[in-house]
Each structure stands twice: as C-alpha cells, then as structure tokens.
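What follows is chain A paired twice: with chain B in the first complex and chain C in the second.
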Partner chain A sequence: MRKTILVSLGLITLLVAVSIISLLIGSTGSEIQRLWAMDNSSETRRVWTILLSYRLPRTLLAALAGAGLASSGVVFQGVLRNPLADPYLIGIASGGALGAVISIVLLGEGHVIGTSLAAFAGSLTAVAMVYGLAAAKRGAAYINTVILAGVIVGAFMNALMLLTISVSGSDEMQRILFWLMGDLSLADYGKVKSAGVMALTGWVLIYLNANRLNLLIAGDDTASNLGIDVRKARSMFMAVAALITGTIVSVSGTVGFVGLVVPHAMRLLFGPDNRILLPASLLGGAAFLAASDCAARVVAYPVELPVGVITALAGAPFFLYLLVRK
Partner chain B sequence: MVVFLLSCAVLVSLPDAWAAGRRCVTDDSRNEICVQGTPRRVASLAPSLTEIMFALRSGDMLVGRTLRCNQPSEAAGIPDVGGYMTPDLERLMALRPDLVLSDRAGIRKEMVARLAALGIPVYVDDSRSLDAIGQLMATLGILLSREAEAAALLAEFDQRRSRIRDRVGKSRRPSVLFSVGSRPLVAAGGKSFIGSLIREAGADNIAEGESLPFPRFSVEEVIRKDPDYIMVLNKECQDAECLELWRRYPELKAVLNGRVFPMDADLLARPSPRIVDGLEQMAAIFHPNP
Partner chain C sequence: MTLPCDGCAGTSLLKCTGIRFGYDKRPVLDGIDLTVEEGDFVGVIGPNGSGKSTLVKLMSGLLTPLGGDVAFKGRDMAELSRREVAKELAVVAQEETVDFGFNVAEEVMLGRSPHHGGLHFESNSDRDLVEDAMRKTGVQHLADRKTEALSGGERQRVRIARALAQQPRVLLLDEPTNHLDLYSQLSLTELMHSINQDGLAIVLVSHDINFVSRSCRRIEILHEGRLRFGGPPHEVITEANLRSCFHIEAVVDANPITGGPRMTPIGRVNGGL
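Entry: the complex of A and B
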C-alpha cells in the first residue's frame, strides 16, 4: 500500500510538471510574462486565449486519453495474458475508424459529434462481434479465439474502411488521415468531460478489482480455485476496457502505442502487481500522451503533426529495447 | 511514265498538305501534343478544362467529361467517364476521342502513357497561377482551332485583372487566414494557387511563408497573428457551419468584426476563367472602399 501511494504521488508530480510545461511551451518568454500582467490589453488577452481556449482543453484531453488507453492496455494484457495485447487488438480501432470514415465520407461535413458517435458505434459493433465469436470458449481456447477473432474482425473492418476511402473524394482524405493518426487539436471542454467521465469511472471500476486481475493472470484454473468467477470477471474487465477505449478513440482518433508501451514501461519500473500497475499506468499514460501531444504541436510549428506519429517514434524504439533486453 | 510522275508529285506534296493542318503545342509535362486539323472528339478530365472549352465556344467538340464538370450547365448533357481524379479508362476509350485534356491531378502518368500508345494525345495542364491560366487559354485556343475566341477571352481576363490591380492599388493590405479545411485546420499557404489569388487581391496571407502549399496549421498561430479576415472554403461545410469553429475564439478580430466569410470552392479551387470572379469577390471584401 505504501509503495502504491509513493509511486502515485511521484507520478502525479510528474504529470503536473509535464502538463504545466506543455501549457507554456510554444510561448515566448515575454508572452509568459504577460500572464502575470493584470491588465486587459489585447496582447494579454491573446496569451490567455491561447492558453485557456486551445492548449488547456488539449492537454487535458491528451492526459485523459493517455490515462484511458494505458489502463485499458493493462487490462487487455492481463486478461489475454499476452504482452502484445493492446486496446486496439479486439477490433476497437478498426471499428472506430470504419465508423468515423463512413461518417466523414457520407455525411460530408458531418458535425464533430456525428463523427465521434459513429466511431463509438463502430467500436462497439466490432467488440460485440469479437465477443460473440469468443463467448462460448473456455480457458486457453477463449484467449486464442479472442485474439484471432480480433484480428479477423479488425481486418474485415479495415477492408470496408479502405473501400469507403477509395470511393471518397480527395476532400476528405486529409481529415481521414488525421483521424487515423490521432488528432487532439479539436479538443474542447465537452470532449474533455465525456472522455474524463468514461476514463475515470472505468478506471475506478477496474482498480477496485485489481486483485482479481492479478489472479486472472495466474491462470483460469488457479483463479477459479481461489473463488473467482472467471467468465464473469473476464467479461467485466473486457467490457469496461472496451468502453473506455471506444470513448477515447471517438474523441481523439486512433493513437497507437500508448496502450501497448506504457504498461510495459510501468511494469519494468514498478513490477507486475496490478494494484500498483494500474495507478502507475493511469498517470504514466497521461504524462506520456500529454508530452507527445506537446511535441506534436511544437516540433514543426506552425505546422502540426499528428500525435500518433510522435507516440510511434517514441514507442517503437522502446519496444525494440524491451525485445533486446529479453 | 506520266502517271508515274504524276503520282510521285502527289506523293511528294501530300506530306506538306498533311503538315499544313497539323498543330503542335507543348503541355505542362513538357510533352509535345499534336493534332491534325480541328479535333472533333475531345474528352475533358477536369472541370476547369471543361469550362475553358465552353468559354472558347468548342463545346460541340466535347464528347466526354467527369462527374464534377458541372459548369456551364450545358456540360450536363455530355456523357461522363467517371469522377474527377478517377476516370474510367474503358469508358474513355469507348468514346474514341482524338484529344484528351486533363490536369495533373485528373489523370495518372500510366494512363497518359497508355493513351499515347493508342495514338490518343493527352494534354496535361498544371496551371498554378493566374498568368498560367491565361497561357492555358491561349494554348487550348491553338489546339482547338479557336485562336480568335482565345484572344478575346484572354483580353477580357487581363482587363479584369488590371482593374482589380488598380482597385487594390496602394491601399493598406489586410491580413488574411484562408482556411481550406476546418477539421483539422488546413490553411492555404503562400505556395498554393489560392495563395497567389490572395496576393493579387491585395492582402497578406498569414501562412505566406510556409513551405507546404496546404499546411496543417496551428490555431495558436492564428490567435497570435489575429488576421483581419478569415476566409473559409465551403468544401467541408455549408456557409453558417463554416463559421462554427471560429465562434470558439470570440476574441479574434475577424470574429468580433464579423469578418469571417465562406468562399465557394467551385469558384476558387478551379483554375478556370471564372477564377477572376473569385478574385473580384475577394478584392471587394479586402478593399471595400476603392
């Protein structure tokens, strides 16, 4: 318990530091000084507008998205007992992408809410399909079926998405591309609210059952011998994690590597006990994506990069390092 | 013997007669495009080129167009060969054209090669400035035997441009953000065609120095530069919706003063003669009191 508290406090400090730095990076020294000026001049108002209307919702959304994706990653890696599992494995990303692309191409303009809802619906459809295919299996067969079904459903939805893209005009291409690579630039407080409520509620539900997750990793037989209803526990975990991921994908597009790499990094640092790993991944994921989004915003200013590019460039070498270490 | 000499004479003079009707121009891919006499079956693979053909009074030569060729209204009656940028080679060939007009985006290099191998010349246009459009009209005039119409069109084109130059004159140049996409924000940079229009309409583009023609722009930079005008291309949105995004930043000068304007994509994104209409529209917005 003490370790959990220490780790959490340390990571919270890191997260706050990263957030403050993200909010300030990109502003010149004199602009930052303006923040303290209590006048109502247009320059001061301008700096505050940038901070409050643009950077703050964006940083908050990045933190929440990172937290949600990393926590879901922990859950999927635990339930499926597979180090390569990430939140997108069971077709959530492909389903979400298909929903978003259909909305962008068919509805043409499509309100942002429309695209998000369509993405969420797509994610849920994919998960339902995977779940339906795997529900009847037990033990190792369940895990293999989930992974296989996830790959199949994912491939199928990808194919439909490519079909939709090929009949679309060029106008939508850039929008689709940025959605597929992750785009946090459209963050607003409404999205922050919905992502926040989902991610944090889901995380609390998972954390309250962290012990059960530990036991599930030990094996189905061990777990049921110790009194856990394996099927119920698995379904509950996957459902909550899928809902979290689906919500995040619908507001920020498909940002890769966070759900895969952050749990591993936290496991390296703090060990595999989920009671510590879950808070660590929540906070570490938040800090990672907030920092990546800041980089995406600043590196090629005033041109913005998609955040998924940064997470991939940071995550892939790290994964390579893990592989070489083993 | 006489018959032999006569036929030799005929054979010798034939190439000359042949050459007399033959006209060649160089297209923007540096290929020489030649036609024999006046083309009778022309296919256009770009909306801008369809418009120019009708403006040159050669609409009767047109046998194929793309689905996006919606101007002028007479074009609707002509069969289509697929969408813009996605023409159907089979349908195109079925029309047996003796000349194909396209822009760089409307046809792939492989298709140009295929058609050339079949003896069908393909003129590829890559006009990226108003001067280039003027040049294009003159060139197509030669190709389609409509030199007189082209000269008249060009004269009017140049005249309207110089009137705009006079209007803009030495007045103060306002700053402008031209948003080509809203989600995410994509600006028209200095290197883009729209960028050149903004310059000619007498304004300063806040994305002027960008190396990409259509950079994915940061909202922060817009807030910093606080442009006098914000123009939104109505590709993704319809009029009122285009202004939605900007309402989130009410401190912006342009939003405060009601200077956020939707612009017609068909008018501005197309290098056709009507581009001057778009130019005049923008000049009137940027310099309301000449």
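Entry: the complex of A and C
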C-alpha cells in the first residue's frame, strides 16, 4: 500500500511537470511573463487563448490517450498471459484505421466526428470478429486463437483500408497518413470529455477487479481453483479494454507503442501486481504520450510530426533494449 | 443430487456419485463413486492415462461430469460459484509457468483471493496466514525469489503453500511427486500428515504406488474408468491387484520399519523384461 502511494506520487509529479512543459512549450519568454501579468491587454488575452483553447485540450487528450492505451495494454498482456501483447494486437488498430479512412474518403477530412465514430465502429467490428472466433475456447487454445485471429483480422482490415485508399484516389493522403500515425492536433474539449468519461469509467471497472487480473495471469485452471469464473472475468476484461482502446483510437488515431512499452517499463519498475501496475501505467502512459506530443510539436518546428513517429522512435529502441537485457 | 441441508452432521465434504466423463466420445471415467469425509486421507492410484487428472478436475469443478454428480458439502458442485468452492477446497496441480515474475510471497498471497473481493490490499491477518503457510512448507527463505527461478520441487512447495493459504477443508493434489526427489517426497509425506492431523481432508492422485502406500490411509485403484479395491494400503497394494490393474509383476512385502506394504517391481505381465 505504501509503495502504491509512493509510486503514484512520483508519477503524478512527472505527469504534472510534463503537462506544464506541454502547455508552455512554443511560447517565448515574454509570452510566459504575460501569463503571469494577468492584465487585460489584447496580447495577454491572445496568449491565454492559445493556452486554454489549443494547448490545454491537446495536452489533456495526449495524457488521456496515453493513460488509456497503457492501461489496456496491461489488461491485454495479463489476460493473454503474454508480455508482448498490446492493445492493437487483436485488430483494433486496423479496424479503426479502416473506419477512419472510409469516413475521410466519403465525408472528407473536415468531418471530424464522422471520422471518430467510423473509427470506433471499425475497432469494435474487428474485436467482435476476434472474440467471436475465440469465445468458446479454453486455456492456451483461447489465447492462441485470439492472437492468431487478431493478426488475420488485422491483416484483412489493412488490406481493405489500402484498397479503399487506392480505388478512391483520395487527395486527402496527408490527413490519412497523420491519422494512421496518431494525431492529436485536432483536440478539443468535446473529444476530451466524451473519450475521458468512457475511458475512465472503463479503467475504474478494471481496477476494481485488479486482484482477478492477477489470478488470470496464473493460468485458467489455477485462477478457477482460486475462485474466479475465468470465462466471465476474461470476457469482462477484454470487452472493457477493447472499448477503452477503441475510444482512444477514435479520438487520436492509431498511436503505436504506448500500450506495449509503458506496461513493460512499469512492470520492470514496480513488479507484476496489477493493483500497482494499473495506476502506474495510467500515470506513466499519460506522461509518456504527453511528452511525446511535446516532442512532435517542436523537433521539426514549424512542421509538426505525427505523434506516433515519436512514440515509435522512442519506444522501439527501448523495447529492443528490454529484449536484449533479458 | 442435492441433499437438503448444508453443513449438517452426516453430510460428506465431497461426494462423487456415478460420475462419467470422456473426451470426444472416448469414455475415460465410467461410474466413479468416491466419498471424502472430514479428516480423510485418500490416495487414488492408476497407470498413465487412466483418468486421474480428469478425476481431480471433476472433483474440483473445473470439469462438469457427463453423468452422475459431484456434491460439495451436500450441494451440487455445478451450482456453487467458483469463489464458494475456493474458500473450502484447494487444488495443487501441475500448471504452466508464467512469465510475469511474481515472487514467492506474492504467489502464496494469491491463495487469499477467494476470501476477498476484486480489489483488496492484504491485511495483517492475510500476511500472518501466508507466513504460516510458507513456514509449514519450508519456503520462507524463498519469499523474495521470483517463482520462475525456482526448481521444480521448490515450485511444488510454493503451490502447496498457496493452497494452504486458502484455508481449505479439502486439499486435492494431482501427481504431487512429479519433479520431487526422494528427500522432498519424504518431507511432502510428513507435511501432508501434519496438515491432515489439523483436520484437513486430503485426496491425492498419483501413479507412484510406493509413495501413495506410504502416505495415505485409504487407497483406491482407478482401473478402466472405475475405482476398485478401496481400502487401507495393506488390503489394496497386493500382487494380484498390481498384476490386474497395472499389468506389472511385483513383489509386495512389509516395510521392515513401518510394517506398511512395500512394492518391488519385477517386470511387465506377459511382456518379459
């Protein structure tokens, strides 16, 4: 318990620091002084508007997406008993991408809500197909079916997406590319609110069952002998984690590596106990993606990079390091 | 089959009545009757593939019999929640190893789960029980070690500690001597005797005839889907029974120290050497 509190405090401090940097980055020194001045000049109002209307929702969305992806990563790794699993393994990313591309091609890139809803629908379609195939299986067969079906469904959805792009001759390639690499530039409070409510509700539901997730890691029979209804618990975890991931994908595109690397790093730091791992990943994921977004905004200034480029550039070497170290 | 009252005198802890089970139409168990009372110490022996592990899974409710029924304290196993069962029945089985790196103390603490909800941080009494279980099984000194770094025998003792932390009234063990050297087997026997003395009923299944005849007070032989010859070791472990059920020629004499039956295998029936 004391460890949990210490961990949480440390990560909260990190998250706050990253958020402040994210809010201020891109401002000049004199602009930051104006923020403190609090006078009513038009220049001060302009600086505050940039901060509150653009940078704050964007920072919040980055933190939210990071928290959601990392937490669902913990759940998928636990339920599938595979530390290499990630939230996109079961076709969510490809399904979401297909939905988003169809919407962008048909409705245009301006239709942001359409893109989100289509992406969400696409994610859930992919997940439903994978779960449908695996639901009746037991033990290792379940896990193998989920992983294989996820790969196949993902590949199929990817092919459909590329087909859609090719035949449409869409001139919105830039938009599509951004979406596929993760895009936080269209953040607004509406997105933060709706996605936040969904993701946090899901997270609380998962956290209230953290002990059960610990048991699922020990194997189907062991978990059952230790008092949980494996099929029910597993379905709950997978469904909620898929909803969280689908929600995040619908508002931020498919940001890679957060759901894979953050749970891993947190497990190395704090051990495998999900009662600690879940809050640690929530905070660590939020800080990681918010920091990555800062980098995406400034490294090639004035050009903005898709945030997924940064998470992959930072995440892949780290992951390789973990593999080698083991 | 459901008896009217739960926990009243005369209700068996665990009662299998005519259970049948098979995989893909291949029958494995064909009418198993087995009753386990408070404080019993039963061993089920049988050759490989005779359905011993299946029997354990049926008795613990992991599998549902195709016919007959399993009653736990007078109530149908299938109607009980897994949590209700886990509060009073613990299983030590061979299981897959896990990559996630729980340490021994955390692994044993999982045994407390049935007594708590989905989000619970351990209390002092949980910690005491875990401590106690680790001391009884001799894994205290391993508390901080990762389970995947342990030897097979150590891992087995950790699983037993986890089962004891459940505070069960019945303990089922599936092939508990796998991976155990003779020293560990003897300490396992001692451990089982001492927890059995505390009132815990034990059922173990094994192909290790000498281990079971040394350890258990009652032995059943699983043969062709049924339990046969149930009784105390000296009545069950006989040359005739070993010949008919295990297809081995063996000499059975009395252990000079304990007086219990001692089996020395000679060769296969009809097979020569």
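Assume the second predicted complex is superposed on the first by the 323 of 326 C-alpha atoms of A that agree within 3 Å, B and C clash if a C-alpha of one lies under 4 Å from a C-alpha of the other, contacts with A are read in each partner's own complex, and residues count from 1 in each chain.
The rule we apply is simple: a residue touches a chain if its C-beta (ideal position, glycine included) is under 8 Å from a C-beta of that chain, and two chains touch if they have at least 3 such contacts.
All values derive from a computational prediction rather than experimental measurement.
Student: Can A:Asp188 be said to touch chain B (first), chain C (second), both, or neither?
Tutor: In the superposition, A:Asp188 touches chain B alone.
Student: According to the stated criteria, A:Arg231 is in contact with first (chain B), second (chain C), both, or neither; which is it?
Tutor: neither
Student: Scan A:Lys3 for contacts with chain B and chain C and give back first, second, both or neither.
Tutor: neither
Student: Is A:Ile50 contacted by the first partner chain B, the second partner chain C, both or neither?
Tutor: first
Student: For A:Ala140, using the defined touch cut-off, is the partner it touches chain B, chain C, both, or neither? Pick first, second, both or neither.
Tutor: A:Ala140 sits against chain C, while chain B stays out of touch.
Student: Which chain A residues contact chain B in one complex and chain C in the other?
Tutor: In the superposed arrangement, which is not itself an observed complex, chain A uses no residue for both chain B and chain C.
Student: Show which residues of chain A lie in contact with chain B when the two form their complex.
Tutor: Answer in residue numbers: 26, 42, 45-46, 49-50, 53-55, 108-109, 112, 169-171, 174-175, 178, 183, 185-186, 188, 297, 301-305.
Student: For a test of understanding, state which residues of chain C touch chain A in their complex under the given definition.
Tutor: It comes out as residues 57, 60-62, 81-83, 85-87, 89-91, 93, 95-96, 98-103, 106-107, 110-111, 113-114, 116-121, 166.
Student: Quick check on the complex: what are the chain A residues that touch chain C?
Tutor: My answer: residues 1, 4, 78, 81-83, 140, 207-212, 214-215, 217-219, 221-222, 224-229, 267, 271-273, 275.
Student: Going by the contact rule set out above, which residues of chain B touch chain A in the complex?
Tutor: It is residues 83-85, 105, 181, 183-186, 207, 210, 212, 214-221, 223-224, 226, 235-238, 241, 248-249, 251 of chain B that touch chain A.
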